[in-house]
Amino acid sequence: MKQIRFHGRGGQGAVTAAEILGLAASEEKKWCQAFPFFGVERRGAPVKAFTRISDEYIKTRQQIYKPDYVVVLDSTLMDVVDTEEGNPSTIVVNTKRTPEELDLSTGDVQTIHATKIALDEIGKPFANTPMLGALAAATGVVKPESLKKAIKEKYPGKIGEKNANAIQKAYEELKK
Amino acid sequence: MKQIRFHGRGGQGAVTAAEILGLAASEEKKWCQAFPFFGVERRGAPVKAFTRISDEYIKTRQQIYKPDYVVVLDSTLMDVVDTEEGNPSTIVVNTKRTPEELDLSTGDVQTIHATKIALDEIGKPFANTPMLGALAAATGVVKPESLKKAIKEKYPGKIGEKNANAIQKAYEELKK
Amino acid sequence: MEVKQGAQAIAHSVKKCKPDVCSMYPITPSTELPEEIAQLVADGELDATIIRVESEFSAISGCVGASAAGSRAYTATSSQGLALMTEVLFAASGMRLPIVINVVNRALSAPINIWNDQQDSISQRDNGWLQIYCESNQEAVDTTIQSFKIAEDEDVLLPIMCCTDGYILSHTYEPVELPDEEEVQEFLPEYDPDHAYLDPENPMTQGPFAYPKPYAALRKDLSDAVNGSKEIVKRVHDEFAEKFGRSYGNGLIEEYKNDKDTALVSMGSICGTIKSTLDNRNDAGLMRIRCYRPFPEEEIKKALEGKDQVIVLEKNVSMGHGSGALYNEIKSILPRSTTVHDIVVGLGGTDIAEEDINNMIDSLSNKENGVKRWLLEKGGKLQKNRGEK
Amino acid sequence: MEVKQGAQAIAHSVKKCKPDVCSMYPITPSTELPEEIAQLVADGELDATIIRVESEFSAISGCVGASAAGSRAYTATSSQGLALMTEVLFAASGMRLPIVINVVNRALSAPINIWNDQQDSISQRDNGWLQIYCESNQEAVDTTIQSFKIAEDEDVLLPIMCCTDGYILSHTYEPVELPDEEEVQEFLPEYDPDHAYLDPENPMTQGPFAYPKPYAALRKDLSDAVNGSKEIVKRVHDEFAEKFGRSYGNGLIEEYKNDKDTALVSMGSICGTIKSTLDNRNDAGLMRIRCYRPFPEEEIKKALEGKDQVIVLEKNVSMGHGSGALYNEIKSILPRSTTVHDIVVGLGGTDIAEEDINNMIDSLSNKENGVKRWLLEKGGKLQKNRGEK
Amino acid sequence: MEDDLFASGHRACAGCGSALALRHLTKAAGKNSVFTIATGCMEVVSTQYPTTAWGVPLIHTTFENAASVAAGIKEALNQQGKEDTNVIALAGDGGMVDIGFRALSGSLERGHDVLYVCYDNGAYMNTGVQKSGATPFGASTTTTPAGKQSHGKSEWQKNVPFIALMHGVNYVATASIADLDDFKKKVKKALEVEGPKYIHVHCPCPIGWGFDTSETIDQGRKAVESGAWVLYEIEDGNFSISYKPSERIPVKDYLSGQKRFKHLDEDDVETIQDHVDRNWEELKKLEGLDLDLLKLL
Amino acid sequence: MEDDLFASGHRACAGCGSALALRHLTKAAGKNSVFTIATGCMEVVSTQYPTTAWGVPLIHTTFENAASVAAGIKEALNQQGKEDTNVIALAGDGGMVDIGFRALSGSLERGHDVLYVCYDNGAYMNTGVQKSGATPFGASTTTTPAGKQSHGKSEWQKNVPFIALMHGVNYVATASIADLDDFKKKVKKALEVEGPKYIHVHCPCPIGWGFDTSETIDQGRKAVESGAWVLYEIEDGNFSISYKPSERIPVKDYLSGQKRFKHLDEDDVETIQDHVDRNWEELKKLEGLDLDLLKLL
Amino acid sequence: MTETTTGGTIKDPKSSKKNKTGTWRTFKPNVDKEKCIKCGKCGELCPEGAIRITEEGAKVNMDYCKGCGICAKECPVKAIKMEKEEK
Amino acid sequence: MTETTTGGTIKDPKSSKKNKTGTWRTFKPNVDKEKCIKCGKCGELCPEGAIRITEEGAKVNMDYCKGCGICAKECPVKAIKMEKEEK
């Protein structure tokens, strides 16, 4: 079983990212669970969302305390919340900066300027979908094809296409 | 312990009669309970009320099924409800008729035209208080003095006086 | 001693406690309470503000506002009225507002019925309100006064229901001793809370939003306060007994001839009828629960220790069990060597006569396992749950 | 299989049951149900009338009106909303109206909190509604469909609450199989009641006023119907399993590795976490209560027969006991040879982790008498009731 | 004579104005009608299990929810294809004006095709004459008793017809059992209107008001003749007075026949007369105005 | 600058019009005020245990009962001899107009000396933008979503200020966060009036309406300039418009800036424009009339 | 045992007629058939629906008449008198 | 264990200030002190109460500013610009 935590702000699509990751896993005939941290914070406030992926039916309903991977949609959050909580093995951050500049204790730190990709590909600064591509590249937890299929199913038509492109772009960028 | 049942119609003061009988018993340092049969019938409909009198504290809260005495405030009720239910030893009826004319199975049947007394003494056709005088005369369950004291305490001033007179008159009439 | 109708007597008792705000709505059979209190205020005998609300939801909400402002708040209700208050009842205990309600017990719809049973308050048993059930009008008068003192005790600070059976007590005239007003004032200290007032000089926020951890911790606080109040219920009862000379068992439970192998267990006015019945036989005793919330587990256990047979008579049903709610609470604390029977009685005002109680004692035995039965009418046969062999 | 949010999945399940009237009011965390259903109607995918009421009191009242008129009526709610319905809930069961509510469980105020526990529906346990608690979203989807069929069965004719844990299920996306609409229609017969319609050609009066005797008799009828519905809950569950290939224990309870000396007892989504925990140890099993009302006493007794130790984990408190409501219900039916512990967990959304469950099993033992404990935060120590030595 | 749809054998008090209103309401609405009623005198006296006074379908649930039960019924009947069945929500002044007011307001706002009828006997009669929002100023009730410190109810009655109107209701009317033809005409007219409609009918109660059972009609008539109760209609936002007494009798003539007003002193009576005069003037003004009362927000 | 009584650190969304209203409401009411608030955005964002944004005493209980809790507070403070403390009951449109409406109506009827303030953001925002009685016609909300069969909400908004007025309330006003001086003036004026008073303040919500957080004031302003939201006062039954745009902008200019109206077609917009025009005319008429709106029954 | 129906529904419309409220009466209306002009007023105004207008004039159904006296009071020609019910 | 107060009352007025909502911001207002005419409009209109007008002009308390942009939009002289918050 793999457990992933997303950090974002209300409105940035962390929950949607967690959901789409689950959808992608499902495309691969895996079981999944995706859920937000159930807060009442308003738009702009830090939020968390989670995904579990497993080859088997997932029975447990506890929250995720020890994520395998962490995805940070907005690097400004890193001063505000402990994004490394629970010792993830990999952390993927949306930022212009390099992993070194971030100076984290997590073993595998990967960075990507997903907002730029989003602006380029989708025309809006929603970094959540490209960050899924980045996660796929960094960890292989799902295949980028599954992500693209998932996003196209959720958003049929243009929007889905564009988001799929952003996922692909981010995937490739980090794979390099 | 003595148990008394009153029959009347909504608005005729059966409950008040039961209460005043209780008050009178209390004047004689006895314990009492007075309660209506808890119906939702509207004014005019047949109603029942009860009094228990005892030398000791009364523990029981059951309804009264076997009254020692029954008081009928309105003889037109006798075709409508079974005023003899529970085999009372004495039944006192407000009517112009004689006990014989009533043709009841109760051993001791006493009649008195209490409405007339009420009209004479109180100026209103409320037979409930004179019927208490009649009950006292017929059964001795309380003394007429206690009834008069009770009614005067409950209705200080003129009204109490008049009702007390009605009680006395009815008492005397039936004692003859 | 004065002969007074139960509801009137309670109203006079309330008056002596000098509530500041009475926020009330009429409903049979508690109606006489708001009526009598309105008359006392109209006649200048009680200096309280009455809020003649448009619903029971507002009745209890008005009490919440007044109590949160640091005043003594009071209401009375029954049945549908209490059910309508449900949401606010939970809030009031959570906010630790020592509101006093005289619940005049009545059955719940549907069908609609105005007579007595105890479904209304018993179905509020989870909500953190204390509940005391009275056997007589005198006890109702006395318990009303005790209620204010218990609720406002700084170790309690909880709302309380003083429960009396509708009609059977509320509409019965019988002698009561109304405590002297000055003595009541001596007995009942002024209410001057530290946790609930609304003072612009000292602003506080009441009724906040809480995340899981503080929420759970506050619920535990509440639970501890409810449990802890047992001692205060007892203490206030004893203090009252000391000052006014009347007591009711140990304040939590009352035992009557409870030295037999069989014990009846019940609450409220029916216990009078049971006592009267037991006066004529020698094979059973009574353990009356006076304080139902908090549930005096130890006291009950002790009082029923070693019994062969316990017969619970209760005026409520917990649907889906085929029995009343009290049954499980009693059964769960007794050893298996004690046979526990449950009889649902008195629903919607069906009378329970001494003959019925005799019949129960005669027909039940500790030989069999505990049984669940219903008495649906006076003099009726004990009914089984459908499907029971 | 589709990955869907719990609430959405349930909404689609409701849609397949084709309710006629959905009378609904939003409240966290059940809000997504009225929202999703509104969207389905707005898009012409469901031909139902939505009544967008101004309160939950009217939500359930609208259901009562529609159901009394002989239509299939539906609503969804949580917490405060369910509490606000209290009075009408009693009326609806008394009138035998087979309304279906999806209760998305949430804690009750005060303090206000929007997260999951089960206080809301558990505190409605007396009122004659059936209650089924789901462990997963798939079960919620399936049980919603079963609920209509159970409720409308002519031997039942009772309203039902299909309960799912707020957020933990309602807001979690996971794969679910949404039954085919036509198959659902085959499974669920048309509702054509004989006891509740409003036809000018055939006038009937519903919700009358009843004197004590008929009142008591009607309450007994209700109780018998609730108890009798146990068989239908089971039967409908089996029929569903037959047709759709999914089952949940025997429909009433579900046993998991329940061949150990220790059994955990619980309801709802936490049972998933418990199962997962038990997968890594070999000294305890689980008995999950799926059908809480009616209370499947015999089934539970049998499943717990001979256990040394039973640990009840419950997300509610019956104040004044220092424990949850389920505790007494379980304890009262088990022999004294079985030690029964109660742990109040998960109040107001506090998470229960596998570590906590391990800790409970490890720290409790059947040597001592049953204990009552509280888990107030994830990874926290089990707390005693204040005053307990 | 056709059989009443609200049948004999009901248990209302002798001389009950509300029962009279129900006889005629059911008659005017006709057989193709479904009723729901809030708890109150009329429900308690007409549905004692296992008998019923109703010849049309009726459902009672609670005191608060007649309006929302009606909404449920109406929408269910529509779904069943029975759009032409009249649905009528009935409540006393307590059930409509006070405790049931949220349900009424919500139902009006949503616009269900339901007729709401408040039978206003001026207090909570079923529970023994407690004040309601509709109780008139000065009336002594058991919760606003006259006493050393009190002259009865100290607020004016709640203006529910206008409040209903402000919900955007196309048909609002007041009526009285003193003019049954007017009442029935209004019921019929209302039932012709699509959407929500509201009728408030004045029903004297011998018990609660304190007058002889034979005077029920007379008391209602005096209310109308004095202007203490004004008969009017508001159709599509247009206000019109249905009946204008050639000369209004002094309100004292109305008040003096009732025990509930017995305690009022001359000042009180004057206050009430002033109020009635003032209202009458304003209502007459309103009648002449070119103002669409439905279009104020 | 004096410290706000509704302090920074509250958790409302960026650009929240309602939070702005509360800042100024508390300022205008001043320190000697006690508030009670219904469940809703403003309560949830301001009272997260163990912190509070409130610098004045506040109590929250449920969603339905702000008005009756306020009644209890006011009467208790009176009993304590603190008659001069302002008591203010605050609720969103859901809490005031829908679920809390019985409590409001009852409290108004009884005449407690309380100021009721509805902060109207046009829907149930706290639970995710569901329709309320105050939601404008045509708005898409999560419970009145635009869809194949639907053009958003199909009823006009409930006219609560006039409904409140018809309860006999001596001071009723509408306001907007687009004119804070007007709002504060009205709050102060209201607090000078004895008895119940009602203020309904329009508070744009970027989340629920769908506009950029920077446009909150602008959206409010467009509502006022188009006449979709009219600022007025009704003092002792006398109606007056507080602000008359020299020329009303087309309502389209207001609607077009918001996602909730995005689906409306030309016909819809015209319907709304007609409605707004018509209301404006009627309100202007009303302003000129010699009619005491408090004396209609 | 008491007979019941599912949910307490009553399928017997107007069965209140079994309840003879005439027993509540203490005064009863006496119609003077000579005077009666058959205007129907009394029948309209009787809260019990206890008056039918027949060929011979107003006819009171004593099974239900509660004796309120409205008919007597409102009869335009005073054709009805209330008399004490006697036994 | 979590600390609690009786009934959950909060006796610490305005303690929300402990909650630095400045962390929510993605854009931040930048006041051009030169342009600012100290009219106070921005301070009045800030939902956070995060602007004080000082001698030198409008001053934003970045601890609480959520970056809504109202101040920038409403400033009569356009003295405020919203800029992306950078890390």
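We call the chains A, B, C, D, E, F, G and H, going by the order they appear; numbering starts again at 1 in every chain.
Note that a residue touches a chain if its C-beta (ideal position, glycine included) is under 8 Å from a C-beta of that chain, and two chains touch if they have at least 3 such contacts.
Owing to the predicted nature of the structure, the values given are computational and were not obtained by experimental measurement.
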item	value
For chain C and chain G, chains touching each	B, D, E
Busiest interface, counted in C-beta pairs	C-D
Whole-Å gap separating chain D and chain E, where each centre is the average of the chain's CA atoms	42
Intercentroid distance (Cα basis), chain F paired with chain E, Å	31
Between chain H and chain C, distance of the C-alpha-averaged centres to the nearest whole Å	53
Centre-of-Cα separation between chain E and chain C, whole angstrom	38
Chain H residues counted as touching two or more neighbouring chains	1-3, 5, 7-8, 10, 13, 21, 24-25, 66-67
Shared interface positions of chain C, touching two or more other chains	52, 54-55, 80, 84, 87, 91-92, 94-95, 109-112, 115, 202-211, 213-214, 216-218, 349, 351, 376-377, 383
Numbers and ranges of chain A residues touching at least 2 other chains	40, 44-45
In the complex with chain G, residue positions of chain E that touch it	1, 3-17, 19-20, 23-24, 46-56, 180, 206, 212-218
Chain G residues within the chain E interface of the complex	3, 5, 8, 10, 12-21, 24-25, 43-50, 52-53, 61, 63-64, 66-70, 72-74, 82
Residue ranges of chain A touching chain H (in the complex, touch as defined)	9, 44-46, 74-80, 95, 97
Residue ranges of chain F in contact with chain A within the complex	11-14, 16, 44-45, 207
Parts of chain C lying in touch with chain H, wherever the complex brings them together	94-97, 157, 194-196, 202-208, 210, 213-214, 216-218, 221
